[in-house]
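Chain IDs A, B, C and D follow the sequence of writing; residue 1 opens each chain.
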Amino acid sequence: MTSIESISLQDARRVIDAGEKRAQELGQPSNIAVVDAGGNLVAHARMDDAWLGSVDISINKAFTARAFDISTADLAANAAPGQQFYGISGSNQGRVMIFAGGLPLHRNGQVVGAVGVSGGSGDQDQSVAQAAAAGL
Amino acid sequence: MTSIESISLQDARRVIDAGEKRAQELGQPSNIAVVDAGGNLVAHARMDDAWLGSVDISINKAFTARAFDISTADLAANAAPGQQFYGISGSNQGRVMIFAGGLPLHRNGQVVGAVGVSGGSGDQDQSVAQAAAAGL
Amino acid sequence: MTSIESISLQDARRVIDAGEKRAQELGQPSNIAVVDAGGNLVAHARMDDAWLGSVDISINKAFTARAFDISTADLAANAAPGQQFYGISGSNQGRVMIFAGGLPLHRNGQVVGAVGVSGGSGDQDQSVAQAAAAGL
Amino acid sequence: MTSIESISLQDARRVIDAGEKRAQELGQPSNIAVVDAGGNLVAHARMDDAWLGSVDISINKAFTARAFDISTADLAANAAPGQQFYGISGSNQGRVMIFAGGLPLHRNGQVVGAVGVSGGSGDQDQSVAQAAAAGL
């Protein structure tokens, strides 16, 4: 038997709120999604005027970050042509996103979930995701 | 050109909060999702201990209720074997849900979005969805 | 070698116009789609305020009517539980629609394409489709 | 609540007509599709002799241009290997098209829909899309 630490809806909302605050500072409406330790969606929010196509991307960045316990920016480096995980984006029925904006959420050295942000440039998404993760 | 009334993230959160309160009264953890007038997800919340498989169902009940401007319970009656819309659940790449829990959201006689609830019995989902819609 | 009679874009537009006129008479905004002899989309129109979920359905009713050279209403009778084609709606990657509103388009006894209508009750869709087909 | 400007069927037809005229000048039969502010198809036309495989591409270029409020040519530059959105084409269930021919439609500084063109070279598709958008 094993015990899994995971996030609650309350935790997920705190994460989203922190990300939203950062997105507002950047003036960049964003989609923010949080998954639990099982990789399953806990909460999602699309800020007003954020891209429609980013709903799917935010959820799947969060999934990806938990699926491989890695930031999607780091995974991207490994998934570039010629690198060790090139082609990984074709796995998991198209759910693997290999660009910045997804981060695992840690508690006591364990991954307890992940956050995915989509709505701006790669740098903006990463910045919002970092603020969101810090909100945990 | 045409002007469409749609819901904001703030509206969606009010809808989810109202649904969540009703779900707590029923003691039935639920997934609650809200889409805008274009059928695109605005916000989603999975209450602690709610079914994992209901993430997708709640989002797609909301989509369905907006896609056909009808409650999914009413659509279900028309989609039964021998009825006029039997087979509709095979359309829209599996996104059409034909059981209770999805309701259009109205404002001034217009459909401005929809809410989808999944997590309990059909009656419970319907009750949570009604409370959620009333929260708009 | 074989020669296939098929419809042009001009034909398809005449079909859609005729359907649209009937839909206006019925006061039922509809999606109307026309496919050619190869089952491929030639033209589609969503009338203002027609259901979003009917985009996919209108296109696939047209596909279905040409795919089996039969009206989707007649196919429905054969696809009911216990009938000879029960389960056919699971074929062709979910593109087979088994409710009224799709009709083959004939010219000189040959099927040259098909029209699909979605937006109202089964009777309304059928009526619009018949008017559309007569417009060829 | 929020109010969204979107295009009507009449607007979409004007856009398609303008694109068609340009495609004829170029001697390049094209598929032309228009989506509304919600990313949902309003109208589509396949000119005689245009590629069958471009039906899907034209519709999804229009979707993409609205999903990210960007021309698909500009998105393409950002989706190249090593760029910030490399991998985005794997999102949204294969609906994201990252080559020229999709343009957002603007009115009073707002994106009110999008047009997608497919049928010729990238330069031709882009030229037809620009003419189409100007027809709004």
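Going forward, contacts are C-beta pairs under 8 Å (C-beta built on N, C-alpha and C of every residue); 3 or more make two chains touch, one makes a residue touch a chain.
Every value quoted in this text rests on a predicted model; they were computed, and no experiment measured them.
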{"item": "Of C-D and A-D, pair with higher C-beta contact tally", "value": "A-D"}
{"item": "Computed distance of Cα centres, chain D from chain A, in Å", "value": "29"}
{"item": "Geometric centre distance via CA averages, chain D-chain B, whole Å", "value": "30"}
{"item": "CA centroid of chain C to CA centroid of chain D, Å", "value": "25"}
{"item": "Contacts with 2+ other chains: residues of chain D", "value": "2, 8, 38-40, 93"}
{"item": "Which chain pairs touch, all of them", "value": "A-B, A-D, B-C, B-D, C-D"}
{"item": "Chain D residues touching chain B - in the complex, by the definition given at the top", "value": "1-8, 11, 36-40, 93, 107, 112"}
{"item": "Of all residues in chain D, those that touch chain A in their complex", "value": "2, 38-39, 63-64, 66-69, 81-82, 84-88, 90-94, 96"}
{"item": "Complex contacts: residues of chain C adjacent to chain B", "value": "48, 51-54, 56-57, 60, 76, 79-81, 89-90, 94, 96-100, 121-123"}
{"item": "Interfacial residue positions of chain B with respect to chain A in the complex", "value": "8-9, 12-13, 38, 40-48, 52, 55"}
